[in-house]
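Several structures are given next for inspection.
Both complexes shown next keep chain A, but they swap its partner, so chain B is in the first and chain C is in the second.
Presenting the complex of A and B:
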């Protein structure tokens, strides 16, 4: 699979409102209290839509992927109910040959903004087993 | 709060399938390895595994709770590295320490382990002064 040829691919901008009831359901599933002043730090994982869309386009089957690393940088707090915009880019791929065959490490970066200014950035490393 | 201070370990309830289903829906994760055992096994996994980001949520919550003792600081950067799989029935606990303190920034090093002490994830949380 020629993953390199997809590097630099962007999703375009997604827009949505972070509904308080969705944030509440997330908090309940994790088992943490809901705070109406700010979303939990890892709530940004709900914005992996762009990554999943890109993985589909690249042709990586979901059961073959595992989450390797996740990094978030927070510029501003995001309140439940906020309207946000985000865009994801497939920024890097590295291939490794292991004892169980080939593995590819795919990196996706996302920018999340609200009211026209940057709120957070996300860097996701996905491990694709048997793909490369 | 000073470098080397330990964060009291926090244990979370055992991982169960209904939780993974509810979390997957709430987190909008479409990957079936978290709720369909047949697909998970076909993909070479021991069974359904918890979402890495669920473990990450436990780590972030532990870090924020610890820093809540100190007013006026907020999370500026949070990293998690996933090192082990969390299976159904596993109990996850998060522990850690203060790894650096300056006037402007506090850094916590954290880790999530299962009931056998196996390392599931490491985390780093940086807090800045508001």
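Presenting the complex of A and C:
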């Protein structure tokens, strides 16, 4: 599979509201207090629609992937209840040959904005086994 | 058996004593306010006046909403995705939303409404709003008979997909317009034109229509199935009061909770009151020049007039917290600049007039067309005095009732006119497309192929900075080079709001959302 040819592929823009009840449930699940002024830094992990849509388009079978690294850069705080927009881009791929075959490391970058300006950037590394 | 009958007696006793007590002790929370006149229609595909807009925004909702800010937020669509080529929008309809009769909202309700909006026999003034959708204009013009060829698809009961002809930067605002609100095919098919009457109309918004007495009042009541949070208002009474002083008396005696559309006479008296509230409004009042009418056909005359009016004095004349306008695009949206436009300079204004070639040794009189409202008349008299003082030119004020004024504007019969433009959607495209060659709102007789091309180019652009640069260039052309209009002032919306009312606001497009309001 020529994964390199898909680098630069974007999903288009998703728009939705970060429902306070969902943020509250997330806080309960990870054992942190709910703050109505800002979402927990790792809450953006829930916005992985773009990444999965791109994996499907690229043709990477979902049972063969593992979630690798996750990185967030916040430009400003995001309040629960905010209307947000985000777009995900397949930004990089690297390959490694191992004893069990090829492993590909795919990086997806999502730009999250609210009120018309960039709020955060999320970078996800996905490990795809036997794909490359 | 004995136990059962005694138990039943206690229930009857409880119901008998509790019901009257609870209904008499708590009266329904009612919000009362003024409507300037009767709505022309309650059919939201056809509605087009501010009176109707107020009702629609509280009876119904769209896929998206523009409420307090100018950003679109999810409403009946829980989320949406715009494709990478920016031409396809996929809306996920919120599940569990019910119409006021309990029926679940589905994607078909939008498809039916949009098909009806695009059907010529509906005679909807805003049908063209959907023309950026693939095949929509051809369907409207009868070139396509089969609606399945139009880029509006119901993928499943909760997914609506829309395909555009080309990327349009501001398109996401279109499904926030009342004309695109969903509609029930079963109700319209059964009741025909009468579907929008009380008792027949069903709604998905915070309120539903209880009664309508022509030329008297419209009553809305809380929609028992409304899906989102709503304040404590259970009933909305909109009284139709045409006279300003009657309306103010009703407010002062506590009969109105809110009073909008205040007259300048009242504003002058009320400006220091603590119950006078100010709300940002995307509106620009301007003077238009009909560029093929002598002597306004001379660009130097247009420039002279534009530089001879001290706009900073308008607030002192109209008392409505006006500020001097620079660009046609008002503050708070991209494309506005406080630096563009011709500045007040009476010396330069005189020089422009002298060098125009117009004979200044003879008296110069130019007609100025206005609607016969007190506010516009006061403004016109101020401008008349400024032009006389600084240029020794006489403006002859010609005023008509609003309907005749609009007809005269369309005829372009007078060389100068005063009117205003307020945003339908918070995007500079909505302001600058007014002056394209094909626009029915361009009353200046000025046409520019370059300007038309720039409007199209900016509309399709995705980068805000590139779009803004284009909008500023276009305004330099129409305000400084060709001088087809003179922006006069921006003004907020002012309203009297009783102390018992909490959470009332008018959004920048002049919409009022009563679901956010609580009354004590």
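Just so we're on the same page, the second predicted complex is superposed on the first by the 132 of 132 C-alpha atoms of A that agree within 3 Å, B and C clash if a C-alpha of one lies under 4 Å from a C-alpha of the other, contacts with A are read in each partner's own complex, and residues count from 1 in each chain.
Note that a contact is a pair of C-beta atoms (placed from the backbone, for glycine too) under 8 Å apart; a residue touches a chain by one contact, two chains touch by 3 or more.
Please read all numbers here as calculations on a predicted model, not as lab measurements.
On the shared subunit chain A, the superposed partners chain B and chain C are arranged side by side without overlap. With both structures placed on the common chain, the touch criterion links A:91 to neither chain B nor chain C.
Which of chain B and chain C touches more residues of chain A: that partner is B. When the shared chain is aligned, chain C comes close enough to touch A:11, but chain B does not.
The superposed three-chain arrangement places the nearest Cα atoms of chain B and chain C 14 Å from each other.
Across the interface of their complex, chain A is touched by residues 64, 69, 71-74, 78-86, 88, 172, 464 of chain C.
The touching residues of chain A, when paired with chain B in their complex, are 22, 25-26, 28-32, 40-42, 45-46, 48-49, 52, 62-74, 77, 129. Across the complex, chain A meets chain C through its residues 9-17, 83, 114-116. Residue ranges of chain B in contact with chain A, taken from their complex: 12-13, 19, 22-23, 25-33, 39-40, 42-44, 51-54, 56-58, 60-61, 64, 74-82.
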